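Have a look at these structures, which come just after this line.
Each of the two complexes below includes chain A, the first together with chain B, the second together with chain C.
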Partner chain A sequence: MRPLILKGHERPLTMLKYNSEGDLLFSTAKDSTPTVWWTSNGERIGTYRGHNGAVWSIDVNNDSTRVVTGSADNSAKFWRAETGECILTWTHKSPVRCVSFSSDDQFVFVATAMLMGQSSEIYQYLVDSESLEEASVPIRTFSGHSATVTRVVCHPTEKTLISTGEDGTVRKWDIETGRNTETVTIHQKPINDLQLSKSGGQLITASSDFSAKILDFRSLKVLKTFLTDRPVNSAAISPILPHVLLGGGQEASQVTTTGDRAGRFEARLFHLIYEDEIGIIRGHFGPINTVAFSPDGLQFASGAEEGFIRLHNFDEEYFQASYN
Partner chain B sequence: MATSSVLPTTKPVVREWADEDDFSNKLPPLEEWYDEEGLKHVVEYHFNEENKLVKTTKVFRVKKETKQVSKSVAERRHWKKFGDCQRAPPGPEPGVTAVSLDDVSIEYKRGEESEGEEDLKAKEQKDIQKMLAMQRFKRRLEERRAGVANWAQLMALKAGAQRDELEVPSTNANSANTGKYVPPHLRGGGRVSSDSSYTRDDSATVRVSNLSPNTTESDLQELFHPFGNIRRIFISKDRHTGEGKGFAFVAFSNREDARKCIEKLDGYGYDHLILRCEWAKPSENKRGQK
Partner chain C sequence: MSLAVTSRNASELLKDSQFLEEEQKRIEQRELSRAVIVSNVPKITVDKYEKLCTVLRKVFQQVGNIGSDALWVPQDENKDTKGFALITYDTPEEALKAVLQLNEYPLDKNHTLQVKTLLDIERIVHTSETFEPPSLPIEIPTDPSSRPNLFSWLLDERGRDQFMIRHEETEIYWFDSLGIPPQLEYSRMNWTEADGYWSPRGTYFVTFHIQGIAIWGGPKWERLMRFPHSHVKKFDFSPCENYLVTWNDLDPERDNPKDPECIIIWEVATGRKLRGFLGPKHDEKVAWPMFKFQYKDEMVARLVENAISVYTLPEMTLLDKRSMKIPYIRDFQWSPADSIIAYWQPEVGNNPAKVTLVEMPSRKELRQKAVYSVADIELYWQQNGKYLCCKASRLTKSKKSRLANFEFFRIRQKEIPVEVLEYKEKEVVYDFAWEPDGDRFAIAYGDNASRASVAFYSMEDTQVKYLFSLTQRPVNRIFWAPQNGFVVLAGLGSLNGQLEFYNVNEQESMNQSEHFMCTNAEWDASGRFVATWVPYSRNKMECGYIIWTFYGKEVYQATISMFSQFLWRPRPEWLLSKEQQKKIKKNLKSYRERYEREDQELKEMRRSGKAAERKKLRDAWKQYLQSIGEDDKPFQWMSGKKETTEEIVEITEELLEFKEEIIDK
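Then we have the complex of A and B:
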């Protein structure tokens, strides 16, 4: 396969997100401009201008009309996806680490970092309403985190929310009451990424402790563990094959001390059931910060520390090969 | 949807001095046409750094692919560009989107056959070593049970020899009487018996230091065997990491060989380090303390 290289960002990538149909790819980086791309040809459609710092997170609603972004400039912004017009800005007291739509697009969850003397909180905003005043104040706050929240994911059908922290914990919250119903510590180091499986039944975590784990959404039980020899920055589950994609690499601060071979900057495919490594896909020359499968499973995107996004369309061979 | 493959050819056009005024500010218009083979030709003009007019002819093979998409996706195809690329023409921007020059493929984790073979060999060797160690241990147990000093005596006993005929060390008999275990090296009143297989003759052993941590036994075998028959090689390794500590002992059968070896290899450059070879210090004291 000949990947498309998207060079719109000048700083390390932080998050990639496909919309629900898979024709758009949203990307954020440590420069201040979230960007949207066509996934078919890698064409840049537009950038969302307005942030003043690194953008940590992005999410898009189900019909791809609204986008929410969270930035280290202490703000989260709500955008019109098609025009790049900012509808609303929520200002917080510390950097925003993660933003997420609820599964019904009614709410937006904004998680702030534990920095500058502030505790880490998740704020819930109602964005479905007509009046902006109503949308600009949080209707609920989920507090009680012991470390910065890194990812927030909403269950597709139930009223539950899952958050992961830099202390390796996974917490389950009741959206209706705002209560923390369950907490499990499954990693020794920060959890960097949390993604849902296509069915929504499982979650995959990626941690700096060199492993990725698959959890059952309901029970938060660890079902599978994938071990590597480098910090894992991002993990995704293929929607059509029993495969898991891990992106990682040695920490950015140590990259200059070694060559790219030693850095292990490749994306790694693992078998979901057998937990075995299937293969690797090389190409990046910095640690991969984020990976995502397209919803049809025919493509995946990876974004790395060097500021490039690579869009890979899988070859026919990939779907025909057997790994048993 | 159209995908294009680009085959650009650049041909600078040398201008006549008389044309200078005509083209100094404005560029000739862009030309596009399809030839009879269905190839699309695009001719563009621009000024290069030396302010010379450059004509670029690009030939595209246009392939139309029809893909069925949902209504909302089809509607989104009409989105206009916004933000930083608002003014960019339709289509991928040249500096932003690129097709990877090299073909990337999934490197499947195959070749396990060869790896497996190596693993098997190593495993086999380990198994043999384990088996031998087990055998030695069993022999020692049997020796102790029979109250003899070594295997040969035990064999002789089995062959029908009388116990009195054998030179059973008296201490051994004592230990059997008291029922207390006495370590082999302490049998005989703590003196180191010369006939015991537990003592090592260190007189022909060379201590090699300043080795690189990843030196293996076979490396040393290769390096030292020209000097004579080697009885054993011991590389000191860290117990936890398994990494070499940087020194090793090489025991020769012959003291003369060891001397030659020290003469030649002391100060020898090996694996970018300078080796140091000396006589191994006898470690009798240490053993005596145990």
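Then we have the complex of A and C:
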């Protein structure tokens, strides 16, 4: 398994996102230029220029025509995916931590940080209308967070939104009414990442409390827990195998206090059902901030603090291994 | 007395009562021991009352402060005094002084004062009229089968070893060599307030508490005995586990000279205090152990100024009623296998430094050796008492640097011959280690620990024989395995935990590895495994332990937050004779076959057990997916072989068919 190493970002990676076909990989980093790459050969296609600060989050719609990004410059931007033209900029009063398309691509959700005296909010914008004016004002605000919202995802079929916070909570929202219908605290420390399973029936959280958890989407019941000895920054569920991938490592500010091998900057594969570790993939030399499986499950991407993205195509043995 | 009643009621409400009750009792006792009763005070009339108070105050202020309302002279209806007085001091120590110094105080011709603490009175009042024999400190059950078997851990079917770790909790684990994580044997919340320890033969586990120390053991980890000694700082077991020394840092001036409380020698089986000693003054350097036991627990010796005091056990009386006078003595060590003391005296005037071996209790001098221009001497006994090594640090002529110089005593040979091994200038000796149960030793030396040399020698012949050395090694500690000639050469501390596993018999490096920042290494009692660990104090992120095989393969690794301590449980001495051991070694093959078969069977069993467990988990997951209306097929089709992209499309079609089948059912 010889990985492709994508060197384009100059600062730590913040988020990776495959498009639904799996031929494109979108990446954001703290260097203000979101980038799009071919997944087959690792070639850089282009960048989205316009942000003036670290970019925290990116999402792409289902037909790969539109991209939304959120940045620490207090803005979220809506782009034409192919040309890199910025269609619209939403300006907020605090850094944007997360952006996400609704499952039908009709809306964009933008979550802002609890910073600079502002409370954390999720704004809903209507983006499939022709009028830009209509799109520039939020049609709904989801309020009532007790800490910065770190991730927002939308259920593929239901009108439900899930958000995670730095206080370790997972909140469920009704998109129609904007009501917070359920809140559970499942981690002791911030939740850094939230991803959906392929079917959308399960969620996986990644937390600084050294663990990742799989929840049932409807009941928010914790089904599985994966324990490590490092903060977990990102977690993904394989679309084809009962495997989960965790990325993390010691906090960047603590790295110098340990030996070169001891930072545990590996990506770790766990068996979803047994909760056992089944493999580790080394290579990064900084904590991994984000991981993602390609939609076909044959590849995964990881992005780390050192500024590199690694694209791994799984070996044949990976698919042949039996864990019965 | 009402106090006691309330305390009992309160403790009944709080179920965890024992501690509270003891604490209450302690406070109460302290209160009582603060007050003294003075009897035989002149009975006087009211006009002389003031004068009497002044006189009493004057007398009793000699030993401590008496507050304005702390003196009470009771009067009857006619305002005549009753002939006694009550004085409350600020501390029990002052009250004790009053008893010691002012009892039998002649106030005038007819009145000699009697002073007692209220605690004494309390005790006298509560002494029953009829004599009852004292009950034994521990109730020995009449039925021997109900007594805990203190050796139950040695009866483990597979001969596994135990170890203790401390982090936020204190836990005892079984270590399993077949690649499964250690299994928890016992753990207890707040078991000990400081480090935990094993007794030298592993029979007891020792815990520290403000009130004293406690020992635990047996299959259920019962508390076997408590040794109440408030604010105990250190303890030491005798080699045969019969006696215990505890020390609580009490200043000798505050101690009770009649019944000292600073250092206490205890009998383990009964919990009886054999004798107390005054401790060193606070500005004196404390060398622990202060009391050193003879190998068979028959005697215990203490270094005092210019002498060694040897006490017989269990009487705790001075041997021959006098200490051994040894001018300027600096240090001594008992032989681990003979009744021999080795001690050394520094250079004084024209007399050179001397190392002397004395047989006890006869006090016969066996051997004396003079050593010239010595700054310091360290004594290392070989485990079987066959050899003694004196590592002498010498000053060079310029007195700037130190040279190491080893003198070897062959104890078991006639006249105890001595040989000398010298090390060159500039070379620092980092460590010296005897092979336990063997005739070899190793010395780590050099001018820089990151590329030190390790030299191996043998005592087997009539001369110290150089075997071989290893050079350019990051080594500052040498850890010999308990048997078989394996050794771990470790670079701890500033060398960041470099480890080399070496086979001395074959002169072969078996493995080199690193446990980053580890501070210590310890062999298990069987010599099959080594543990290395990093405590929380050294590295907050990386603390934990690793267990290695003797040839340096990592078997188990754990990172535990707040980790502080790791200790293998020691084992008692082998009961097999040398001949029996030899026979076993000869027939090792037959044993090996048997054990390998057993291991294989166990592995097989575990594998099938695990498979069943996994099947259960898989079924549960399947059930969950069905309950939310998903099928688990996507998880199964890939378990065969990798497909190409085209095939995946085909498979997707198959999936749909499968779905239909399920609906049909």
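Here is the rule we go by: the second predicted complex is superposed on the first by the 324 of 324 C-alpha atoms of A that agree within 3 Å, B and C clash if a C-alpha of one lies under 4 Å from a C-alpha of the other, contacts with A are read in each partner's own complex, and residues count from 1 in each chain.
Just so it is clear, a residue touches a chain if its C-beta (ideal position, glycine included) is under 8 Å from a C-beta of that chain, and two chains touch if they have at least 3 such contacts.
Keep in mind that what you see is a predicted model, and the values were worked out from it rather than measured.
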Task: Fit or clash - chain C, chain B, common chain A - done: clash
- [ ] State whether A:242 touches chain B only (first), chain C only (second), both chains, or neither.
- [x] second
Task: Which superposed partner A:312 touches (first chain B, second chain C, both, neither) - done: first
Open item on the list: By the touch definition at the top of the document, which applies to A:295: first (chain B), second (chain C), both, or neither?
Closed with: neither
Open item on the list: Contacts for A:201 in the overlay, against chain B (first) and chain C (second): which applies, first, second, both or neither?
Closed with: second
TODO: Using the superposition described at the top, determine whether chain B or chain C touches more residues of chain A.
DONE: B
TODO: Classify the contacts of A:156 with the two partner chains as first (chain B alone), second (chain C alone), both, or neither.
DONE: neither
- [ ] Name the contact category of A:279: first (chain B only), second (chain C only), both, or neither.
- [x] first
- [ ] Once the structures are superposed on A, label A:216 by its partner contacts, choosing first (chain B), second (chain C), both or neither.
- [x] second
- [ ] For chain B, sort through 7-15, 151-159 or 223-231 and name the stretch that clashes with chain C after the overlay.
- [x] 223-231
TODO: Please write out, lowest number first, the residues of chain A touched by both chain B and chain C across the two complexes.
DONE: none
Open item on the list: Which residues of chain C touch chain A once you look at their complex with the stated criterion?
Closed with: 496, 514, 516-517, 539-542, 559, 611, 614-615, 617-618, 621, 624-625, 628, 630, 634-635, 638-642, 645, 648
Task: Residues of chain A touching chain B in the complex - done: 1-8, 21, 23-24, 33, 35, 40-49, 63-64, 82-84, 266, 269, 276-283, 310, 312, 315, 317-318, 321
Open item on the list: List the residues on chain A that touch chain C in their complex, please.
Closed with: 198-199, 201, 216, 218, 223, 229, 239-242, 250, 254, 257-259, 261-262, 272-274, 296-297, 316, 319-320, 322-324
Open item on the list: Considering only the defined contacts, which chain B positions touch chain A in the complex?
Closed with: 1, 3, 69-70, 72-73, 76, 79, 81-86, 88, 91-93, 95-100, 102-109
